[in-house]
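Some structures are shown below for you to check.
After this come two complexes, each holding subunit A, first together with subunit B and then together with subunit C.
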Partner chain A sequence: MSFDLNLIAESLPLMLMGIGITFKLLIVSGFLGLILAICLLLMRISGRWFLNFPAQVYIYVFRGTPILVQIFIIYYGLPQFEAVRDSIFWPILREPTGCAILALTLNTGAYVSEILRGGVLGVSKGVLEAGSALGMSARQNFIYLTAPIATRLALPAYSNDVISLLKSTALASTITIADMTGIARTIVADTYAPYEIFISLAIVYMIFTFGIQKLFGVIERYLGRYMEREG
Partner chain B sequence: MSTADAQPLIQMQGVNKFFGKFQALKNINLEVRKGERIVVCGPSGSGKSTMIRCINRLEEHNDGHIVIGGKELTDQIEDINAVRREVGMVFQSFNLFPHMTIVKNLMLAQQLVRKISKTKARETAMHYLERVKIPEQANKYPIALSGGQQQRVAIARALCMKPEIMLFDEPTSALDPEMINEVLEVMVDLAKEGMTMICVTHEMGFARSVADRVIFMDKGEIVEEAPPTEFFENPRSERTKNFLSQILSH
Partner chain C sequence: MDVLTGWWDDYFWGAIVVGQVFMCSLGLMIIFGLLGAMAKLSNSRVAQKIAGAYTVIFRGTPEILVILLLYFGSAITLTAIAQIFNPEIKFVDVPPFWAGTIAISIIVGSYATETFRGAFLGVNPGSIEAARALGMSNLQTFIYVRIPEMWRLALPPFGNHMLSLIKDTALISIIGLNETMFVAKQAITVTGKPFTMYIVVGAIYLGFSTIITLVVMGIEKFGERTTIGAK
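And then the complex of A and B:
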């Protein structure tokens, strides 16, 4: 089998036209997912069963089902309900992009909340006792001690989830979205050259992953500067 | 808090504390007046730390009464933080805030709890850093400091809140030998200035030179309570004698 470099040269610019969509999916659902994750985290550590329990059920459901199935349920399933079609969310849910963002948000929120919880559990009990002994309230302890320390502790695992989310955005192509993968599939359907196209697509994702890794490396060093003896 | 000097600053009456079925404190009765310096010693697991942790309610007692500066510690206590800011505490493992510079460690609670302005808080912080002789470390992170320096920072951090009482929970037990003295010196200075102190420690030289009373605890009980000369030269109970012979034999 021959490897058609010309075809790659021709299709790369086409695929890169999907970058905008891929990044939109990544950034919007990454951001909304983080907010959702923080809410779930606060419910999990609230010490109140009526907050903790629903959060646990939510996390179990969204970690327990494939993201592809979640996308299908939202895209094909929700419009069946008249209440959904009549709601203010319909303009979003009518669009495949809205459905993909919703599914990715709900999914990543579940994972990230557990990552953050790991960070919170990693904060030394002694540090919090020192805060209490100085007269700081539980809320002040959380905001000024737990949150910043836990953020640094959770960062490596969180960057892992962001990379994972980048690749999950490719699933959006299954519901007609023309992200990079969606465009690649169209080109493959036209050219019957899956090998060249998908390999170059894979390389594009790897380049973005490299960028995300570097970015988190910088953030990690910045937030972790207190962990280094010098400086 | 300083209104009633006649009344003890710390009063513990019939205090019991359980961890599950294990009784950590048995019928503790203790009174500490303003300006008194108390040293608490005893074997590990004897309840020393638990006792002082009950005083600022890091542990909740199960029975009995604890009254700090006229305020009783109960489940209903509305503002435990009002009591805690009058009671400074120094921990065995320093417990500095690792993500903040030394000076920020000293400023945080002043600003949040005492509502002191940033400038004033920084001034107070630098004042106490000078007192513990490490102002030059102000802008470093805790990890860059030695254990002895970290513990002095922890003492300064507690002092910034201008507490009425200082509790020390084995402040030198986690330190290398050559660093113990620099911490003890700071504590001796504090004692000389009339700070009310309860120190859990096995530094018997410190107990001899600054304590008004030495308390020996074993198995959750106060076994003996006496001025240092009497305590060291003439211990009454067998348990105290055994303990002293073990820690003073080398």
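And then the complex of A and C:
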């Protein structure tokens, strides 16, 4: 047993070819998931039970089941139905990438909506009362006061969720997608050198995690630029 | 529902395996988390550095990579060690149960480290001073003052760690543990109904998540019984 550095030098470029897919999964499902999360959030805080209740059930189901099960239900499960195979969504659902993006979007949307709700609930009452006193409508209050403050409050938790989304993209390799993890698993199956391959890939993921943390640190500082406190 | 006839007992035993993995990894996760928190709070710079590396590494790496690395890596290492003593041995088989259980408890333990650390720091310094004034030793202070105050603070985030743990058990099916995902795969090859089979898996996990959430709520109530009105 030895640690073969040449093997890493050979296989790292191969694994990095999967960066594109990993990032595509991360960015597309991150963006769509955020839109879904905002819709769910609006349903949750609408104060109408027929909007609030379905959103709550959705969040409960998607946060209570493993993402791997969700991916498998969508990729292996949905084609069981004739209706799905005949529908206009079939070109997306036929492709593993489309299924992975759909599953990751649905999953992250549930988590992010709860994070955003935490932000909305964290907005102090006084600010909203001040808004009303200035004659702002409920809608104006939400757009000009709640939304910006809640964004700032939710950002640290949101960055953690983006990191767990990055880690979840690795599960796409279970439905034959050749992302970085998928390529690494193929190489390990050929060379049987798990230490070299998986550890070097883990370092790549850690670098991305670090990058995401730094990026959100910059955004947080930018959004919080009025928040400098004295003393 | 007819297709499920005859599979219920397989699912039941699969769910038992999920429960076993959960209980074993829960114990290990608490140990890893406490060790990590102690190291971070200790005065030794080396221990702090090691615990810091532990949390950074396992919070930044996809769970599936850790599981694959531990499973294939330990097989190679143990084979190499076994061959030193007996060159006849071709291959040592590592049980996926333990490889997976240890992997997910290391991962979630890295999150628990931060939770426990925060909870220990949240213990009221006045309580510790009072214990000192009463002549308690360090160990007595730890057992009678720090732990009882700390677990109440740690419980809400710890409940979330338990939920991640139960959901991560699904990943162990990738290395061939015969839990519910594995049962579903077998059932699909026979019945050809992937959606139905994976939905059952989802329902089982939803059941586990619900039980954990309810138990945590119960323990939280129990923990607050002496402090109600004191806040």
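In this section, the second predicted complex is superposed on the first by the 228 of 231 C-alpha atoms of A that agree within 3 Å, B and C clash if a C-alpha of one lies under 4 Å from a C-alpha of the other, contacts with A are read in each partner's own complex, and residues count from 1 in each chain.
One rule holds for everything that comes next: a residue touches a chain if its C-beta (ideal position, glycine included) is under 8 Å from a C-beta of that chain, and two chains touch if they have at least 3 such contacts.
Just so it is clear, the structure is predicted and the values come from calculations on it, not from any experiment.
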Overlay on subunit A: subunit C relative to subunit B, clash or fit: fit
First, second, both or neither for A:136, with subunit B first and subunit C second: first
Subunit B versus subunit C as contact partner of A:41, first or second or both or neither: neither
Vertex subunit A; arms to subunit B and subunit C (CA centroids, nearest 10 degrees): 100
Partner chain in contact with A:198 - subunit B first, subunit C second, else both or neither: second
Subunit B versus subunit C as contact partner of A:110, first or second or both or neither: neither
Contacts of A:227 with subunit B and subunit C, given as first, second, both or neither: first
Greater residue coverage of subunit A in the superposed arrangement, subunit B or subunit C: C
Subunit B versus subunit C as contact partner of A:99, first or second or both or neither: neither
First, second, both or neither for A:177, with subunit B first and subunit C second: neither
Which of subunit B and subunit C A:124 touches, first, second, both or neither: first
First, second, both or neither for A:76, with subunit B first and subunit C second: second
Lowest C-alpha to C-alpha distance for subunit C against subunit B (Å): 21
In the complex, subunit A residues that touch subunit C: 1, 60-61, 63-70, 72-73, 76-81, 163, 166-171, 173-174, 181, 184-185, 188, 192, 194-195, 198-199, 201-202, 205-206, 209-210
Parts of subunit C lying in touch with subunit A, wherever the complex brings them together: 56-57, 59-66, 68-69, 72-73, 76-77, 80, 163, 167-171, 173-174, 181, 184, 188, 192-199, 201-202, 205-206, 209-210
Subunit B contact footprint on subunit A (complex, rising order): 124, 126-127, 129-137, 140, 144-145, 148-149, 152, 225-230
Parts of subunit B lying in touch with subunit A, wherever the complex brings them together: 56, 58, 81-82, 84-85, 87-89, 91, 93, 95-100, 108-109, 112-113, 141-144, 154, 157-158, 161
